[in-house]
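Each chain carries a letter (A, B, C and D) given by its place in the written order, and its residues are counted from 1.
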Amino acid sequence: MSLEIFNKYESEVRGYIRSFPVIFEKAKMAEIWDETGKRYVDFFAGAGALNYGHNNPEINTALIDYLQNDGIGHALDMGTVAKKSFIEAFVYNILQPRNLDYKLQFVGPTGTNAIETALKIARKVKGRKQVMSFTNGFHGMSMGSLSITGNSYYHDESYGVPGYTTQIPFHKYLGDKVDTVAYLRKILEDASSGTELPAAIVLETIQAEGGINVAGEQWLRDLRQICDDFDILMVTDEIQVGNGRSGDFFSFERAGIVPDIVTLSKSIGAGQPMAMVLLKPELDQWSPGEHSGTFRGNNLAFVSSAVALNNYWSDDSFSKAVKEKSALVQQRLEKIALRFPNYIKEIRGHGMIWGAEFKQPEMTSKICAQAFEDGLVIETAGASDEVIKFLGPLVITPELINEGFDILEGAIEKICQA
Amino acid sequence: MSLEIFNKYESEVRGYIRSFPVIFEKAKMAEIWDETGKRYVDFFAGAGALNYGHNNPEINTALIDYLQNDGIGHALDMGTVAKKSFIEAFVYNILQPRNLDYKLQFVGPTGTNAIETALKIARKVKGRKQVMSFTNGFHGMSMGSLSITGNSYYHDESYGVPGYTTQIPFHKYLGDKVDTVAYLRKILEDASSGTELPAAIVLETIQAEGGINVAGEQWLRDLRQICDDFDILMVTDEIQVGNGRSGDFFSFERAGIVPDIVTLSKSIGAGQPMAMVLLKPELDQWSPGEHSGTFRGNNLAFVSSAVALNNYWSDDSFSKAVKEKSALVQQRLEKIALRFPNYIKEIRGHGMIWGAEFKQPEMTSKICAQAFEDGLVIETAGASDEVIKFLGPLVITPELINEGFDILEGAIEKICQA
Amino acid sequence: MSLEIFNKYESEVRGYIRSFPVIFEKAKMAEIWDETGKRYVDFFAGAGALNYGHNNPEINTALIDYLQNDGIGHALDMGTVAKKSFIEAFVYNILQPRNLDYKLQFVGPTGTNAIETALKIARKVKGRKQVMSFTNGFHGMSMGSLSITGNSYYHDESYGVPGYTTQIPFHKYLGDKVDTVAYLRKILEDASSGTELPAAIVLETIQAEGGINVAGEQWLRDLRQICDDFDILMVTDEIQVGNGRSGDFFSFERAGIVPDIVTLSKSIGAGQPMAMVLLKPELDQWSPGEHSGTFRGNNLAFVSSAVALNNYWSDDSFSKAVKEKSALVQQRLEKIALRFPNYIKEIRGHGMIWGAEFKQPEMTSKICAQAFEDGLVIETAGASDEVIKFLGPLVITPELINEGFDILEGAIEKICQA
Amino acid sequence: MSLEIFNKYESEVRGYIRSFPVIFEKAKMAEIWDETGKRYVDFFAGAGALNYGHNNPEINTALIDYLQNDGIGHALDMGTVAKKSFIEAFVYNILQPRNLDYKLQFVGPTGTNAIETALKIARKVKGRKQVMSFTNGFHGMSMGSLSITGNSYYHDESYGVPGYTTQIPFHKYLGDKVDTVAYLRKILEDASSGTELPAAIVLETIQAEGGINVAGEQWLRDLRQICDDFDILMVTDEIQVGNGRSGDFFSFERAGIVPDIVTLSKSIGAGQPMAMVLLKPELDQWSPGEHSGTFRGNNLAFVSSAVALNNYWSDDSFSKAVKEKSALVQQRLEKIALRFPNYIKEIRGHGMIWGAEFKQPEMTSKICAQAFEDGLVIETAGASDEVIKFLGPLVITPELINEGFDILEGAIEKICQA
């Protein structure tokens, strides 16, 4: 199984192929096989893009059927039968049951396209350039998104990040005793704080890449209040933690708040590239075609997504199942944390996103490498990769959860003993 | 055929659905059908993303086969069998026959992701922030790409475009008598011109959205020489005019030049979302994972693209066929221009991208609407939409070219008489 | 005494003439007379530019003598006899006794020129664009200085403030319990805080315009330590609180720290326009003439400044006298605060800069207007002008201090009773 | 005559002391003496700040008198008797006879402060950030002014110049055949040029530092027309070429145009530091104190300036005398150019600013050094210092002009022979 052609022709920027140095061939729901036939349990879900699993049978069938009938594939933002079905599925299964009133904007099928779009419309509507985001936030790699992404690994003085953004401390960033929302209120109220009034505040309600940091529900409500009080748009980045990852369809639901703008990508396409921005109707102040993008009409994604929305979100059974599996994941992690108190600092998470923070960051990559060797795909998170994170498909079975955690626990044991 | 659900739920930003107010259902090569069964000839090719046609039979078969075998779909930048096949197809059919030595960087599957990546690596390698682009250039909608896109329709003071970019006049922008490359050389040589030495100059060798402006071959060679003389990276944006659109695989081939960085998207995925950046090996100075993106490993695109590259680019027969069809397109346009000299100012183009510039810009949208009514999908270009452009799939038959131009000619006649 | 010509021809931007609506004619030390002959005690000192008083006799004599002898006045940065004398006076009286090793850079004679210069050289030497400053900081009105000035009154979205600056909370900004230097250390240590490593941190050790906020000595030492630990340049803006205002020549002396760069203006010219930047020798990486300015060689300022330095700073008697007067000022203010506890929230200050913060900000301008009516020139400070500040010339006599405070106390009484 | 103390303590940035390595002591009108008593003719006038000569007798007398009477010196923007006199002198002698209707804004006494102010108010009033300036333009060293200054010697990637500025080619920049105003009109008219509509266009009608480039009168009128047609503010920087330098008080008078904003500094203070901005009344949209600056009320400058305005500008005799001397300067330069055709490429100039461009830029500094040795203070200009410039005080006598040119001609002869 030679990686020679990748090493020779692919840019040095390649990353995951270094962590998982094999050539993958097939995948089904929460299992993957490489070209030698070796099988892996999947605790990674394509970085959250495969909440409904790899090659989910009903989705697969719909895609094959669509292709066999020469259904139109690429259509920019023209009207298509598939797009119409998707809009219906999204409105009826997601928006209406939650009493959410949003306009749908289809954008180029990457999360960063959605964030760029949100930043633009927020600045346009409010007529202010300033935007706030949070320590440890991750929002993408294009110039606008990067300007609100915390991790300096992605920054470089030379390719520069333009101004007009301010990073503010996330919930608990300064410890349990400092109320970071109060700090935010203070600098907004104080005309001499040097902080310009922002058009928007962008946040993940659960920071994923940033190290699995779960914002408290009251903190989220306080932030919503600040946005109301200062006429600031609240933008929640649901790219990774939306689409059911938190147990609800949107991660903000648990706090009982309604953002002004919502960005969706990753699993919104149920395996196919797709991204979307939700706008409160009064914010939909675009001119026709003012923001465009070739692949904003990926009809294969509309087909797969409509199946997922209709199959999993027509009632709350899927949501309940996710929450039950969340309890299992938590239980397994707690057991591990109890067993390795010298190595594990804390476990934290919500829904189907969990992390175990290690006291020695350099251990995590060794453990993940060992786990991969033993048949588990799992990755790290956090500024120093100090967290091992569980991010399995939402459709993973309890059996596979247990199998995966058995492998992980064994890998930790091996590395700790070494 | 009601568009009500689109009007009610989709953002005001929607564009093409306004020009083509129907719901499309099926498509095959250069023909499209709406949900009522009405048939259209396609002179638009999804804005250049469908050079190999809609649902190209061999590509379709490969996709269906891949899905039926649970081939891995989404895999970030992990190694997969499909990706390996794509790299081989690209290296053997495209790079090696042209003696091109590039590293491949896979990026989020939109053109703007490729441009953002090119801007970043150029700035990083050269350690300079300044970038130059051209009047009427179009490179995308995210913050970095927008900063080098000319058309003010996409800009807004409030969502702002950061500095560090300079627009310079394209070939013939100031008429035939002003040598714009000489102007560029002058401001680069003059220490007091106020122009910072750029890391890169980004261009389309044929401006598409900008109005079908074809840069001369000598002008391109002079620009390459300036880049060499001043240690500036030449970046060609081949997103729309690469992938065979010009008759050659890359649009720069006709000038005998080799850019330092090349961006590819649209038809590189042969119908599936994909984008890629080619870097001269010495520029590949990324750290692992320094630039990332969820959907940079869209394996369905690898599957379809490999088929297209192997089928159409293993020898020069496809390239020859494209050039023959180019002659037919030119001939039909010249005939139309001769017939309507009071309305048409100029026709221009190259390969399978051609435009007719109208003296009265307000006529073009009426003509395109009439043509659509009569069964032809065709669009405009240029700062004031003053150009009607031919951008049919490269696989379109001569018969369909003639059918389409018959419709177009009839539409012009109807509008001119009205 | 008509202000008509000012009202008719001078821009609406005029400010102090509105607070003090008379035409001043003469001034001597800490007393001013308007054109009707009415006399005022001066608690303002030209916003800190007149530490040695108006028309200080020995300085005046030296200036007249210089003019009578046709001494060269304007000379850019050529060598002159007067400049040589100034350098000697500064080196021997100020730098050498304090064991300070700085190079002197003469800049255009405004404080903002000094700040712009400091920002440039810091960025150039460190090769980083980011600069940090503090909430409520005031550093000037030109584009670079404004970008680090907190008060939003001076900002406007349209004339914009470029990025690459971050405002951090000053000492006690978040109350007594939050250690703002610890917060700064945290965001600098955390690679995902979103905070770029700055080239420099710019501060006033006592914020003047910001409301008379005195940084604690330990806080200043902790900040110096952070600068050392992270290779950040510490820039102290001594424009208003240097030149003896704090009791020592430099306001940083009380903390026992040595900044890397120091900006001086206002009273450094002893009444004549002048500004200067002090650089640690290893930072003096300018090319000849790289930063210039017409009036950086105002020889009248060299003449007056040399007299002031030689007369007041050759031993510590002046410094001691200032500290004694500081005690008197504090005592008078404390008495006032005790008398009006319902109106005055807090008094604070150091050396010869003191403030009384009022609970109702709208009272301060009324009190100052009454005081002016009664013969005292005094001004407000703070984001909402909530502070009445004492900023008399350092050479003011105890008698005039008492006279001024008698007037102020009377004015407060009148306004409180009204 | 030791420069040791300067070499030891003054920053490496020092410039003119390197070209003129002596210590100057006295000066009178157009003559200077160093501390050894050596006499120099002055063809430099403090870079244009001494149009009325060094220690002009009537100005000197007025300054001495003011100081002896304890006239108020520093007063921020309070009303003073001296300021009132200045405003009257400026309005009656300058504005009214020329039918100019401007509001006066007093700013910190450096040219760059005036430019920063102009940029701010232009952006504020028009609500646009973009500003245009010209190749080879010079406007100052603070961040905003630097962003519109052409010469790269003053720029550095690290201390960066923010965006929102575009440099356009000055008159004749692309040779006699390319109409640069037509180019400007084209990019402003073309919505896809990539050029944002600017708030203002800033220019010197005669570029001084840029190499003595005199804009044609018709070109200036065409530019004024463009500003009118596109609602752009025309800002003329009269800092160096105003105050009579061109023969008229303002350098724009010769073209019969009226700018929207005018910046003045250098000789406006008649030897004392001063700067001022003139605004058309409708642009005077400042809030009180929105733009401030400590030394914007330098009363010594008001005193000296009022004398100069009343003495030299109450009728047109001074203007006529300047034009006569201009003819003499031109005649002497032409004679020199005829004598050294192999070395001198061109002479050009207007009023009392003239330059001789040398074919070999490296010759000019040698010639100036020789001339200084022989008793003449003269400097170079242009991006490569390729121009020797005449910039004598306007009050210089024909005898001293001839004496100076005799020295210059001799110096050229010596260097050419060497």
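Note that in this section a contact is a pair of C-beta atoms (placed from the backbone, for glycine too) under 8 Å apart; a residue touches a chain by one contact, two chains touch by 3 or more.
Just so we're clear, the structure is a prediction, and the values are computed from it rather than from any experiment.
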Please identify which chain has its centre, taken as the mean of its CA atoms, farthest from the centre of chain A.
D
Dup interface of A-C (contact pairs over half shared, numbering-based), picked from B-D, A-B or C-D, is B-D
When the C-alpha atoms of chain B and chain C are each averaged to a single point, how far apart are the two points in Å?
58
Between chain B and chain D, what's the gap in Å when you average each chain's C-alpha atoms?
49
Just the number, please: Cα centre separation of chain C and chain D in whole Å.
30
Going by residue number, chain A touches two or more other chains at 127-129, 153, 160, 162-164
What's the complete list of touching chain pairs for this entry?
A-B, A-C, B-D, C-D
Give every residue of chain C touching chain A within the complex, in rising order.
127-129, 133-137, 148-153, 155, 157, 160-167, 169, 173-174, 177-178, 183, 186-187, 190-196, 210-211, 382-384
Residues of chain B defined as touching chain A within the complex:
3, 5-6, 9-18, 20-28, 32, 35, 46-50, 54-55, 60, 63-64, 67-81, 83-84, 87-88, 91, 103-106, 108-113, 116-117, 119-121, 123-124, 126-129, 140-145, 147, 153-154, 156, 158-160, 162-164, 265-266, 271-273, 277, 279, 284-295, 298, 300
